[in-house]
């Protein structure tokens, strides 16, 4: 919110089952690991089945007042419904990373907003498991924003994954990297 | 409370089973029948077995504000515990009618207070049923105070007795009268 | 008379249950009320066996029963049985 | 082919229950996801008998079953039975 | 006929279709009376397994458009708090009578006014209010009922009657006539029977119309918030239109104003009468609708400098409403007794006298 | 670790012997966490059949002198009202966490502050209060717990924590250390661990002493009233000693003071920061103890003429406390959202700006 | 002669507030004797219900608590889970246990809480003045069934032992009666057994149901009450061991 | 070819919010078909519980109400007593009916309320994210039994049909399963019968318990869920008619 301080507000959105909550938690955890101030706030509601899920993350170098994100700097959107809901809320000069495997058309937003189309589902399938599309797209976001490194995120995996999933850490790490690489290439191409 | 208006506050007290509530209701009902303003307030508490019961009745010729009687003009006391509890509360120049069948000694109170010893249980037994001691003593009170007539009270019996007890109306009427007669005699003797 | 009972008459509520259960008709309701206004039970000692039926049924538990040794023995046998019948009867 | 089914694939949640119960293996899960992101069931028409097992088990009630007359008769017989079995079965 | 019975009979006259209740002192006369009378009228009486069941049976009957009520006393009313919040959320007309007794906990069965906060602030969860009426005579206790049922139907809201053990148990002269007269009496002639809207929302079977749904869950973004604003508008209207309050004739000249409701107000009345006979300039204000609270009456009275004495059978609950109304303009003093204690006329008089002496110094 | 889990772990650190709960969103993380952790510590976790059972199990454990707690969300807390009144009446130390959600009725599961009245005024029957704490960060939510258990034991009273869905679900940096530090943090250094009295009243078996009785029924004339006066004295002491409140540094110069608690206070803080950057003289007061309410802080601030803006995730509940504190000295304006709506920083800022413009005219 | 029968120490030597002929007094005595005979007084915690026996702690000389109407089994659960070495019992009426407290008793039994429950079935709400209880007999006139209980409106009497016997967590269920000395002796054995099981660490809930006279609620004499139990109540509530 | 199987009118033609493979959808269909076949749609009033099926009124095209968690039988009582000519049913989960609402279902059955209850036993609290229900099987891992349900701490699974069968006021009790087409057909008959009884004015409560898959709560696939019902649940919850 304030001047040249770091105040990154992110929304990650998609439908239930796309690993939205996990991606959000990982970003928050990585932020803490990087000694930044962080708030993480999931949409919740096991009380209601179906529908969309989202996480709101704020990363700053001073304590965060409100954990709610209305107008994010960055949005990571995993399905069409989320584009409709969140794309228009992104601030000027912001960033939208979207899952082009499921979202055909680029979101129509202010031209100051940077758009990154990620075929996250496809890349995940390439790695052998569609469920890690969330990590792929998060990797791309980290790479593009360059606030927290992909390695810090990878190192934070063990803190957010339940013990019984620790065996998937290598796969998730690979996914983060694959996403980051894709973003690096895309950026290069855009140059 | 106020000047020469009628404002008669009565407490009737005894132990459960002595017909305290019925006597109170009858007095209140008779008051209404006599076109007076009346409030009647029983001690209640089927929630607690045993202990003492009492009724508070206020009879006036204008609407009664508070139904609670702290310092009555008159007290009708049926057992020892009630004497201890209420005798000292009776106002100066007041009246105490007590059941001398159970209360041996006359209550020690201000000399301005008129005392009437009624062997109510004994008189009731004479009539064949100890349970109507309440009517005997109420009759004595009515006679002494002369605000409401014994006949009005007798006429009110049907309104306060449950249907299945209507057969006892003659007996109750007799008890009221017996009490009244006793009081009349006592008064005459005192003259 | 093999037994006798003592009733705490001031605490008796005159319910009459003891009277009803006494096999020896050794208890009656008295004519005098106690200080609470109840007409209490009264021991009449006709052939009381100390069977304790009255005490067992008394809701106020105000009857103490006395008996000759023989009867005590019976009582104690029963108590022993109780103790043996611990858990998992 | 004595029967066929029509699945409202846009509303299908890809639970696969219909696939599991079809005695004729006439249903498969498709490779394309629907607009809600589910991979829906797809009718393959191998020997469908119109037995309706798929429809009965479908939690979304989005399978309509068509069958030749003979089978309808069976269905209706059952319905009649139901109606007869009113109160106090 | 004691207060509880008078209230019950008046509810029957008011067209109560169903009574659901669970015994509790000091309102057992209601259950007993209803058990006898409702079947005679071909209506429904049911003794429930608990107060939780009772309030939810009221919910069920009310959802079908019937006039339904329950009654209880303090602990039982606490058990109904979830249900009352649901009634408010689903906007179901219903009447709940609380014959208050001493608390907290099991407390005792003596009369009390300790549940004022619970009734007027919403003891249940969420932003809702229940219309709350505080009768002070057997006549008013009875007259409350037709008014309560009409208010409930008119506003689609639960209505609470706050009585107490004395009012429930006492007897005094009483007229039971038609609802029109009852409503006139209790509103001081301001109202008669309400023009009630048709209950087209009621669950009567979806015959010749779309399905009706009665609910309090609203999941879409902002939908529940909309419901809350709707409720709020309704509450605002109630605050404008439904305040009932009585005050002594001599209020303008009074230097001490005693505020009390229910049984306490009767005691206050006696005390103020006595005080005036002793030359003390005292008056009284008696809120009859506790919510909506007569803030207007009190803040008007507070425009002139005087002392307010609030008397309650609690340790200061309505006190807060009086303070909110007075808003610092005048001193507000409190006298209360709790846990079933009832102030005597003498005690209140004593407090009035003390204030008078201070005032005159 | 989300707020709910942080709170749960902190309760364990604070020596919570037993947790009894029934699932409800948005606090299911508490039940799940306790189900795993309490047995690890050799303590008691039990999923109950209902909230009614939960609060009464807490009652049972507390009566034996154990530190016991439960947690729930709005509708579940409504069901506990009778139980809470009993806890207060029997003077049993106990901790109840309400992670509030949108109401009334089933409402929704969005964050809310709609149960402020219920918590601070006593949603149950009778004249009692529960100490109520309103944390606004995950750290505070956690730090509340050792304080709550100490307050409960010190005063023999139930203590309520009012959180909301956001606080329960969010994650942010957090230190979990010893109770001493936690209490220091949340009281702004004013307090450390309390010197706790021996629980000689607890039911531990009458060995070598007279029988102990824990009860809330008092039948003798005036006995319950005496209990109430005793409670009242205790409440008075709490009001004197246990107020916790935070305020912005620049309060003296502020012309607009925004009062908010919990999550709303964080939003207010962002908005006030933004306003000050725009040259608006705004400040904030954040009650942490909701009961005892920091009347003193606010009435001191109200001695100077300024405007108070109260912001709540309800349609105006704490508002009444602020008005009581201000007592007419300054205007009090309200902005709230209900039914799970959360005010945004922009909306609050907008309200501050409007007040500022009006002020400057 | 030697004293062969007298009050044991856990039954305090004070007058009760019960009506003449009330069964609560008898039940209290059985309880106190069992505790004394087992020697567990110093580790026993009792729970008084809301009902006529709310003041049970005035009569039983053990640590006791008074709890909300019907919630005793939940309170007992909270106590026993945190104090497995103590003996915890609840004493409950039929309004308390079979009406408002149905959920709590069923779930305590369902979970197999290791507690002892003494259940006083007097077919009525005594304390509140004689209203119908779930256990009230068909045809029985009460304050809320002025024409007698009618199964068409109020259903058949609720039999708690039978109901709980379905639950594996209830390990001992027995119905006894207080209507004559012989039955009272049996009742005593049952009450004692219910405590013994808990003392022995048996896992599960033990409940003894006692058919108990309420002359006031039934509006008949104490002696008639005893007969009414024998002739009427026992037809609907057969005595015997249902479990364990 | 003719259409031999399709949605009937009372089951609204809209998507549901249920998870893939959830049994609620199947149960809804059976309910709607029964109502349609009996032709009672226009006089039926339904009660949705708090649980995953809280939005049942979005799917069933009859007058409906949503009520507090567990209280549906009380609400149904209030409705039926004041509207004896209507058909009143409640639809309840196992958390709703067998945990928090135990008192209400038992007393509705005890009084013999003339209502129809559809009881969805999925051995879990679905809506709140998979916590233990009273019906959870021994060893079953849930959010609140991380090491599996253990009878020593949580007791044995609660069998509601067996429990209610003790009550004369429950006139029809049947347990069916939704795990395969054949059982679903039987379940349909049972559901319909439970409505028929009410429509025919039979006095008493009719309940059908349906073993129903919750793949999300059980953390297995829909197909595995069906097998789990057959292999595990049915061992503890045997199918069959318990009453009527």
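Think of it as A, B, C, D, E, F, G and H in the order they're written, each chain with its own count starting at 1.
In this text, a residue touches a chain if its C-beta (ideal position, glycine included) is under 8 Å from a C-beta of that chain, and two chains touch if they have at least 3 such contacts.
Keep in mind that this is a model prediction, so the values were computed, not measured.
J.: Suppose you hop from chain A to any chain it touches, then on again the same way; how many hops at least until you reach chain G?
T.: The fewest touching-chain steps linking chain A to chain G number 2.
J.: So which chains count as neighbours of both chain C and chain H?
T.: Where chain C and chain H share a partner, that partner set is G.
J.: Look at all chain centres (mean of CA atoms) and spot the one farthest from the centre of chain E.
T.: Of all the other chains, the one whose centre lies farthest from chain E is D.
J.: Tell me which has more C-beta contacts between its two chains, B-C or E-G.
T.: When the contacts at B-C and E-G are counted, E-G has more.
J.: Centre to centre, by mean C-alpha position, how many angstrom separate chain C and chain E?
T.: So the centroids are 55 Å from each other.
J.: Taking each chain's centre as the mean of its CA atoms, how far is chain B from chain G in angstrom?
T.: 41
J.: Express in whole angstrom the distance between the two chain centres, defined as the mean CA positions of chain D and chain H.
T.: 23
J.: Which positions in chain F are in touch with at least two other chains?
T.: In chain F, residues 25, 28, 46, 49-50, 52, 75, 82, 86, 90, 105-106, 215-217, 219 touch at least two other chains, as defined above.
J.: Pull out every residue in chain G that's touching 2 or more other chains.
T.: As it turns out, chain G has residues touching two or more other chains at 18-19, 22, 54, 66, 68, 99-100, 102-103, 106-107, 110, 127-129, 134, 153-154.
J.: Name the residues of chain D that each touch 2 or more other chains.
T.: Expected reply: no residues.
J.: Going by the contact rule at the top, pick out the chain C residues touching chain B in the complex.
T.: My answer: residues 35-37.
J.: Provide the residue numbers of chain A that touch chain D in the complex, in ascending order.
T.: It is residues 15, 17, 79-80, 102 of chain A that touch chain D.
J.: For the complex, which residues does chain E have touching chain B?
T.: 25-26, 28, 109, 165-166, 169-173, 263, 266-267, 269-270, 273-274, 277, 342, 344-346
J.: Going by the contact rule set out above, which residues of chain A touch chain F in the complex?
T.: Within the complex, chain A touches chain F at residues 1-2, 25, 28-29, 32, 37-42, 44-48, 64-68, 70.
J.: Can you tell me which positions in chain E touch chain G when the two form their complex?
T.: Answer in residue numbers: 22-25, 28, 31-32, 35-36, 46-47, 49-51, 75, 105-106.
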